[in-house]
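Next come two complexes built around chain A: one with chain B, the other with chain C.
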Partner chain A sequence: MADVFFIGLSLSSILLLVALGLAITYGTMGVINMAHGELVMIGAYVTVLCQTHFGLHFLLCIPVAFVVTGAVGYAIERFVVRRLYGRLLDTLLATWALAIIIQQAIRLEFGAAFAGLHIDGLGPGLQNVPIPSFFRETFLVGDFVVQPYRTFIIVLTIGLFILTWWLIFHTSFGMQLRAVSRNRGIASCCGIDDKRINAWTFAYGSALAGAAGVMLAGFKTVSPSMGTPFVIDGFLVVVMGGVGSLFGTLGSAVILGEVQGWVASLLNDVLARAIVFGVIIVVIIIRPQGLFSRRGR
Partner chain B sequence: MQLLTRTNLQLAAYGLFIVVVMLLPLFMDVFWLNRISKYLVFGMLGIAISMSWGYAGILNLGQGLFFGFGAYMLAMSLKLASPTSLAQGSDEPVPDFMLWTSEPGAPIDLCCINQGSFLWIPFKEQWFGVAMGLVMPTLIALVLGYAMFRARIAGVYVAILTLALCLLVRLLVIDAQPLINGFNGLTDLGWFTVGGLEFDPYLVETYYLIAIITCLVLIGARWLVNTKVGVVLQAIRDNEERVRYLGYDVAVYKVFFFCISAAIAGLAGMLYVIAAEFASPTFMNIGFSISMVVWAAVGGRWSLLGACLGAILLNVVEATVSETETLVEAWQLIIGAIFLFVVLVMPRGLAGFIQQGADWGLDWLHQRVKERRIR
Partner chain C sequence: MLELSQMNSYYGASHVLRDIDLSVRSGEIVSILGRNGVGKTTLLKSILGLDVRIRGAITLDGEDITARPTYLRARAGIGYVPQGRELIPDFSVRDNILMGCYARTDRRRLVPDLVRDMFPYLRDNLGRRAGLLSGGQQQQLAIARALASEPRILLLDEPTEGIQPNIVEQIEDTIQRLNKQVGLTIVLVEQNVKFARAASQHFCIIERGAIAASGVIDALTDDIVRRHMTV
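Take a look at the complex of A and B:
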């Protein structure tokens, strides 16, 4: 029982880790970032590159990936997303195009492949990231087998969630962000630099994706196309929880993770994912505003 | 009467397209004709996307679901018609993969070789498969559309719902190993047969079958969007509230066009099976469904012909550059860049661009004519 619950919690934490960044960019800015999965992928590749070329410790890769993907996110906002505010569906398409471009950039090793060069850790192949030994050794607490790495992911996710919550509700930046997301025009009339706020918000959401990428690199094979499934899962989590509701995202991530964990233990993995999609479809049709949202669509 | 008007120019473009498609067999060998016929099928998907996205404002990111359903329905019939299905040690056709997973001692008959196999029995009749290939996508679109548009779900939520449903069905197909060969899909199919004529994919007749149906769909779609129903639909896209206040039942119009779009996709799925001789769960991959949207966007989502041509041209170029391996990856990169450019700079796509040019030309011409008269 406890095992399955823990597996579910572990799945939830990964969903939440990916969805958290989307909850920021979609929930507060209304931008559908289909390249979010690619930002996760960049985070994973930063880990690969830091380890193969600089021998950086796994844990130190988290802040590095955080900064790198944040910078990429900032650039995406400045050059693409900024032109599309108010064209919600077009942001979806434009960021999908960006997703393709980022994936191909990794596959082609940023153009080095044309010159016949090869950079270790890039290219179309699969990469593996070794995790530190103290994450690999399981230990017993009573009858319960504790997997340190999974536990670490859960703890880190909770930490990032609290950081995000604090940033949005207890800082001046967060207050400006909430003002811009409620009413952009009035907010900028009050002297808030809405462009700056949006750019930094997008950068922060992207940086969260980078952190997620580092953690995923620890137990999944890293490849250029690894991000795509995550962005879709992440979106479904955000929409089901209620757009603009941080705790809704938390709630729906836990529900979906647990559903997937339990069904997978009773039937199989494929059906578990199918049932998760079924739950989401039913929820969206019955409550389009999301499970935990008080604000209308 | 004015001869050079906008509508006449558009009709001329449609006519030119049909003439070119019909004359292609004079210039190409059967290998390329087979390729082109697949791209014509993608062109039909472009029409379906343009109809739902451009004309109805419904961005369907799960069009692959309808395409896949159409494909599987016909593929089931053609699977039973293939010689291997008849050579499984029974008088009646039985798909070979069912024997690989059946329990020892199970009777080799569709009625009871495994739990779901009886569903295959009516598919022995090829036309049942054809009918189902149209009926099933339409039915799914009807139920889904009714649930969505009655609840006034719109915009991004429609995109996410259709996406989730497509993924859901894809997973169910992959899971159904004994019934429809799961991940591997249906291969080794027989030929589509009409009155003794077997449509081998590498025959000129097969090309014409697909080309004529594509042209008919294009003409039919063009006719439909210009009827009163189509005009109301465009009004709904532009201002849903206002049309509702005028007393129209908005949901019915949306459901209707959602179903038409699904039926076209189902038809395209069937033709694809005839040309490519397989059906697989990859038809329901997210990447494929989004590619269709890319084709329509690049060609011009507000133009049926533009979306259709966008699909065909992008695929033809892809096929020609895919000879060398690095170029394949680079082509994906270029596609991404083109798509990004189109979304940012010319949201009306190539068709909109050409339309604008033609409008300028017409204005200039009419101006000149007027000046000459005054003189």
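Take a look at the complex of A and C:
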């Protein structure tokens, strides 16, 4: 019982980490970033590269990936998304194109493949990331088997959720962000530099995706197309929770992760996924504004 | 203090304001009058650079601000109280006021004493959600938000529109106090000719996107009002 619940919770954590970034970029800025999954993938590759080339400790890869994907996100906002504000479908297409470009860049090793060079850790193949031994050794508390790596994912996710909540509701940056997301025009009339706020918000949402990528690299094989399914999952979590509601995203990630975990343990993984989608469809029909949202969108 | 010269404004392809010349002197109230839909709100939005494209020149205290983005114009000292107030309904009264502080030159975040003195209701209800306030209180809050940035000039867009009659007088009194006691320069978009006459030193009537008449307030005769404002 407890371990099924626990596995569900760790699935929820990954969902939440991916969705949290989207909840910010989509929920507060109204930008659909189809390249979000690729930012997760970049986070995973940062881990691969840091380990193979610099021998960096797995834990240290988290802040590195956070900064690298944040910087990539900042650049995406600055050069692509910024020029398309208010044009939802154009943004969707442009970021989708970016997603494909990023995937191919990894496959072609940023062009080095054309010159016959090979960079270890890149290319079309699969990569494996070894996690530190203290994450692999399970131990018992009573009859409950503690899996340290999954526990770590859950703790890190809770930490990042609290950080995000604090950033949005208890800092000056967060207040400017909330003001811009409610009423961009009047926010700028109050002296708020809306473009700067948007760029940093996008960078932060991207950085969260990067952190998710590191965690994923620890228990899934890393490949150029690994991020694609996550953008779908992430959007489903955000929409089911209620767009613009941080706690809605948390709640719906927990629900979907648990449903997946329980059905998978009772039946099988494929059926679990079908049932997760079924739950989402029912929720969206009954509550189109999302489970936890006060206002519709 | 504020000078518009040969200013033209466009929303996309439509040309809304034509060759506007307007000069606002320090410490005075200028009333912008005209029928609905002639471009009065667009005039204020052009001064702020909000959603409109402009040609021509806008200077504030001799500095050319035409090319600056909206937030820098706000920081240069232009306060704005928009039509319909545009508060953030789920922010508290305090947060709505603090929002205005981002345009302060010292970047401090506080509820100014001036706001506490002028609006005792707001002072006593800082934790209340703005969406729960009455129309008049919301109007006070919108003015308070603009004052929080310590502006040099205040743009007010129909501040008494949609407010119950017994509160209208209170708002009008506030505007006059801000001008006379605090010394704020004000550009006031109004429909109420009587109040415009009582409060302002100059007027400017807009018709079909161009200035139809302007001058000192004594020159605003009943004849001009009849010609340009009666529906």
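Of note:
By definition in this document, the second predicted complex is superposed on the first by the 297 of 297 C-alpha atoms of A that agree within 3 Å, B and C clash if a C-alpha of one lies under 4 Å from a C-alpha of the other, contacts with A are read in each partner's own complex, and residues count from 1 in each chain.
As a working rule, a residue touches a chain if its C-beta (ideal position, glycine included) is under 8 Å from a C-beta of that chain, and two chains touch if they have at least 3 such contacts.
Everything quoted here is computed from the prediction, not taken from an experiment.
In the superposition on chain A, A:175 contacts chain C only, with no contact to chain B. With both structures placed on the common chain, the touch criterion links A:284 to chain B but leaves chain C unconnected. Judged by the touch definition given at the top, the superposed model places A:92 against chain B, while chain C stays out of reach. After superposition on the shared chain, chain A has more residues touched by B, the comparison being chain B against chain C. Of the two partner chains placed by superposition, A:207 touches none, neither chain B nor chain C. Residue contacts after overlaying the shared chain place A:183 against chain C, while chain B stays out of touching range.
When both complexes are overlaid on chain A, the residue A:259 reaches neither chain B nor chain C. In the overlay built on the shared chain, the residue A:246 is in contact with neither chain B nor chain C.
In the superposed model, A:193 makes contact with chain C only, not with chain B. Overlap of the chain B and chain C interfaces on chain A: none, as no residue is touched by both. Those residues of chain C whose C-beta lies close enough to touch chain A in the complex are 48, 50-51, 69-71, 74-75, 80, 82, 86, 88, 90-91, 95, 98-104, 109, 145, 149. By the touch criterion given at the top, residues 172, 175-176, 178-179, 182-183, 185-195 of chain A touch chain C in their complex. Looking at the complex, you find that chain B touches chain A at residues 59, 147-148, 151, 153, 155-157, 159-161, 163-165, 167-168, 171-172, 174-175, 286-287, 290, 293-294, 297, 326, 329-330, 332-333, 335-337, 339-340, 343-344, 347. Residue ranges of chain A in contact with chain B, taken from their complex: 32, 80, 83-84, 87-90, 92-94, 96-101, 103-105, 107-108, 113-114, 124, 228, 232, 235-236, 239, 268, 270-271, 273-274, 277-278, 280-281, 284-285, 288, 297.
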